[in-house]
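Following: one structure in C-alpha cells, then a few remarks.
Order of writing sets the labels: A, B, C, D and E. Residues in every chain begin at 1.
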C-alpha cells in the first residue's frame, strides 16, 4: 500500500471543478452552486460544513457518481466521469452483505490487474491497518458499527489509489482507534503523496490532518472559506485555527 | 415532550443488570461478561469504550432486543424483556424506507394511546428540535447522513419515554448541530428527569453531558471504570477529567 | 415390393376401443410382415391429432370422422381410407335420474324428473358440432322428443364427461367403450339409456384416415395396412378374448383387466365395421341434421373425403 | 426514460412482432391452418362481436378470473406470510404443501367438479389454485427476506406485537416481493382460465376449445388476442399502481 | 428451530394429512371411485413397478422436466435481468411480453408439435415455457429492487462495467428474489409435466391421462404421489442449497 506511484507532479490540479452547480432531481433547487475547486496533486484537503450542506454530494460528484448540473469537472485532466482511479470511503460503510469481510476489502482490487494472491495479501494488509485482522472471515452483519466503517476504509486503502475520497471515515470511531487511524493516514499521505479529499464534521480533525480546509455553507451552499492550514498538532496556533474556523462556520450556519 | 412524568423517585434503580454476560450465537465466546450495572432514576449515564467492545450490544440488551446469556436484567423492576417503555436511538439511523420523515417520527407514537392530531403535533415538535422542520415530507433516501441520524433522534424523542437509550446519536453531526442538540438534551434531561443511557466515542461529550461515565474494555469486555462526573463544561476540572479517562481507556485498550 | 428398407408409417390414435384394429396390427406383427415399420402416437383428442397431421408429423390416424372432414375444409389434404367402428357413442345415466327414466325413456319421464327434482336433467356431451353432440340431440329431440326445456346439455371434454358423471355432477352423458363397461363396473347404478344405433342409425364413428402425400408415395404399404386392418376387424369379431389380450397391451395396460376389455368388445357399444362405403350416407344424414339444428353452417361434400381404392382393393382379393 | 419514448418503443415492438407473425403466416413455411395471419383477426372479431358471443364470453371469463385471482392472491399472501413467520406452522405444513404443490390444475378438475359441480365456482377455484401457489412462494420468500434490523426497530418502539409487526414492518418490507408475485399471478391466472373452462363452463376457454376442435384457428387466435389485450391492460395498470406504491424505492 | 423438531413436525403434518384423506375416502361422503384411499397406493405401486412401467415413466418425465426446467429457468433469469437493466429493451418487449404471457400451455401445443414434432423436445419446450414466465417476472422484480447504493458502490470501485456490475452487484443482490422464482418454477414445472405429456409423449402425464380416462383413479393417485415425492425431495434439497447460498442473510 505504501508504494510511491510515479513522481508526485507537485502543483498540477488533479481535481478541477469549474463553476459547478449540483442538485437532485430535475426541478428541485440546487444543493451546491458556484463551486470552483482546484486540488493540487499531493494535497490533503478537508471539507467541513453543517449537516446536510452538501459535503457528501460534492464528493460523489468528484467520484463521478453524480452528474453536476452545470460546470466542468475534470479529474487528472480527464472530463469523463467513468474510470476515475479514485478510492472512496462512504459515509455509511456500504459493505456488500453477501461478501465476507476479506472479500469486501478485495472488491476494489478485482478491477485491477492484480493476481489473486496479491489481492489477498493487500486485503490482509489493509485489514491490519484498520486493526481488524481477526475479522476477515466474518459476515458484515456480524460487525459493530465502527468495525463496519473500518472495513470500508480498508477497502479504499487496499486499492492504493492516487486520489482518496473519504466521507467522515472516522465518524463512528472511539478516540483511540481514531487517533491511530489518523496517524496512519498522515503517514500514508506523507509516504505516497496521495491526493486526499476528506469530509469531516470535526474541526480538530480537519486542522490536525489537512493542509487546506474548505468550508461549505449557506443555502444553496457554496464555498464560504478556503484556508491554507499550517497548524501543528497542539499548541496555540492549532487552537486559534480551530476557534477561528468555528466562528466562521457559525457565521455561515444555516440549514 | 417536556412534561414531567410523575415524581422522579430519586434513588430507585430503573435499569438493573446483575452479573450479566452477553454473546452472539451459541458457541461463540461472550462479548460482555460480569456486567453489574444499576442505573438510578433520572441519571444521565455515558458509556464509552473502544470500537467493537460491546456498547451497542449492551444497549440492545437493556432495550430487550437481545437476550443476555446469563444473569438478570430488570427495567423498572420488571424482568420481562417486552413492553419496556424505552426510547432507542440506533447507531445506524434505521428509518423505515417506506415512510416519509414525519411518519417515521410518528412510528413510536402509534403504539401509544395518542390521537392522530397529537401524534402529528409531537412529531413536528420533535422535528423542530432536531432542526428538520422543512423535511417532513421527504423520503429517507432523500436525506443526508446527518439528517437521517437526526430523524432517528426525533423518533425517540417524540415518544417522550422515561428511559432514553442513545447509541452514538450525534456521531455524524457537525460541531454546531451537535452542540445545539447536546444543549437540548441537557435541557430535556433537566426538565423531565428522564433516565438516559448514552453511548459515545467522544470523551469530551461524555464528560460534558453525563453525571456518570462507564468505561467498557478488555476481551471479553467488562466494566473497567465507573466514575461519577461532576465536571462543568469548561475549565480545568473538565480537562483533567477527560485526560484521566483517556489514559484509563488507553490502559484497557484492546480489540 | 418388400424392399430391403421397410416403409416407415407414423400412426396417431385416440386411446379408445375403436382403435383396437391398429393395436392388433401392431401387436400381431402384421405390419412388420408387410415390410412396414409402425410408430404409434397417442393423442388426447382428434383436433390435436389433426394438427399434428397437418404439420406432417403423422401419416395416418385412427380418430373420429368429424375432425377429418373439418380438416379438409381447412385445406388439409387428408382422406378417409377405411372405417373402424360405428355406433360408438351411447347415453349412460346414473343415480336418481337412471332410476327415474328407467329403460325406456320418454319425453314425460324427463319432464317428471325435472318437476320432481326442481331442476333439469344435466347431460354431458362434447361441444356443439361434434358427433356426440349431434347424435345426442338427434336422440333427445327426434327420437324421444324431449321438450328442450326439460334438459340441460353441458359441453365438455370427453374425459371430463366421465369424471363429472361419476362425481354426480351430471345425470347422464354420452360416453363410449371401454369407459361404458368400466363405468358400469364401478357404479352399478349406471345404466344405458340408448345405444348408438338408437341414437342415430349407423352413427358415424372412428375411421382410418391418411395424408394425401403418403397415399401417393406409399400406395402399396397402405394397401397392405388396410388388408391387415380387415384381418384385425375379423379377429375381433371371431375371438374377442384373444383380441382383448392384445389390445390390453396398448390400451390400459395395468389399468384394466383383459376381461373388462372383452366385456367391452361384446357390449352393445362396440360395432367394428371396416367398410367405409356405408359411412358416407350416415355422415351426410348427420350433417343435414346438424344443419337443421343450427350447429353447422353448411354441408361439406362428404364423398370427396373418402378414398375407397385401398378398401376395395383389399376386399377384392 | 420518458413515458412518451417508452410508449413509442413499445408500439414499435408490438408492430415488429405483428409484422413478423404476418410474414410467417403468409410465407407458407408453416401450414396456414395452424397459424392464421393477424390480419384475419379483425374480421373474426366482427363476426363474433355481432353475434354477441364475444361479449358474453369475455364477461364470463372476466368474472371467473377476477374471483379466482382475488381469492388466490389473498389466500396465497396470507398463507405465505403465516408460513414465513411461524416456524412451527411452517414445519407442519412444509411437506403437505410439497405434496399438493405439483398437482396440476387438470388433476384438480375432478375435485372441482365434486365440490362445486359444473359451475362458475369450479372455474374460479381452479384459477385461484394456480394463483395461490405463485403468491404463496413469492410472499414466503419476501417475508423471509425482510430486514431483521427493521423488525428489531419495531420491537424497540413497542410495535413488536403481531398485528403491528405484521402491518407496519413485515408487509411493507415484503411489499416489493409480494407485488412481484401478484404480477406473476396476474398472468398465470389468464393462463389457467383456458384450462379451467375446458369442462363445460362457458367463457373464452370454452369457446377456444370449441373453435380449436373445429380447427377454426382464426377464432382461436381472436380469443388469444383478446386475452392478451385484457391481460396487457391489467398488467399495465398494475405496473402503474406498483410504481406509485413503491415510490419510496429509488 | 432445531432440525429434528422441524422434521418431527413435518412428519406430523404429513401423517395428519394422510389420515384425513383416508378418513374422507372411507367415509363415503365422496364417491370412492373419485378418491381412492392412500392405503391403495402401495399395492398400485407394486403392480406398476413390477411391470416396469413406473420406472420408465418416471425416467421419461424426469428427463423432460430437467431439460425444461433448466432451459426455462436459464432463459427466464436472463431475459428478466435484461429487461430490468435496459430501459430501451424493456420498453420494446413490454407489450410483446404482455401478449405472449397469458397464452396457456395448451394453446402452445400446436406450435410445439409443429416445431419439435411429437418428441421429447416438445414436452420440454412446454415445461420450459411456464418455468420461463415465473422466472422472468421474479428476476425482473428482484433486479429492479437491488439497492441502488450498492450499484453506486460498484461504479465507485471500477466495477461499473456491464459484466462486473452484473455478476458482482446485480445478480448477488437479486439472488434472494431470483431463488424464490426458481423455487416457484420447480413446482410449476411439475404442474406442467402432466399437461405437456398429454399429447403422445410418454411419461407420468401420459400414464395419468390414460389411467384417468379409464377411471383407474388409484393409478392416478399413485402417480400424483410419485410427482409429489419427486417434487418434495427436489424442493427440500433446493431449500438446503438456498439456505447455504444465502447464509449471509441473517
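Quick notes on this structure:
As a working rule, a contact is a pair of C-beta atoms (placed from the backbone, for glycine too) under 8 Å apart; a residue touches a chain by one contact, two chains touch by 3 or more.
In this text the structure is predicted, and so the values were computed from the model without any measurement.
Between chain A and chain C, the least number of touching-chain steps is 2. Considering every other chain in turn, none proves to be in contact with both chain A and chain E.
No other two chains have as many C-beta pairs in contact as D-E. Taking each chain's centre as the average of its CA atoms, chain B and chain E sit 50 Å apart.
Averaged C-alpha coordinates give centres for chain A and chain B that are 29 Å from one another. Computed centre separation for the pair chain C/chain D is 37 angstrom, with centres defined by C-alpha atoms. Residue positions of chain B touching 2 or more other chains: 92.
Looking at chain D, one finds that residues 30-31, 34, 110, 114, 198, 249-250 touch two or more other chains.
Along chain C, residues 51, 55, 163, 167-168 each make contact with two or more other chains.
Checking each pair of chains for touch leaves A-B, A-E, B-D, C-D, C-E, D-E.
Chain E makes touch with chain A in their complex at residues 149-150, 152-153, 155-161, 164, 168-169, 172-173, 175, 247-250. Interface residues of chain B facing chain D in the complex, by the touch rule stated above, are 60, 63-65, 82-83, 85-88, 90, 92, 94, 96-99, 107-108, 110-112, 139-141, 155, 159. Chain E contributes residues 1, 5-7, 9-14, 16-17, 30-31, 34, 87-88, 90-96, 98-107, 110-111, 114, 130, 133-134, 137-138, 140-142, 144-145, 148, 176-177, 179-180, 183-184, 187-188, 190-195, 198, 208, 212, 220, 224-225, 227-228, 230-232, 235-236, 249-250 to its touches with chain D in the complex.
Within the complex formed with chain C, the residues of chain D that make contact are 30-34, 109-110, 113-114, 117-118, 198-200, 206, 209-210, 212-215, 217. By the touch criterion given at the top, residues 45-47, 50-51, 54-56, 67, 70-71, 74-76, 122, 124, 126-130, 154-157, 160, 163-164, 167-170 of chain C touch chain D in their complex.
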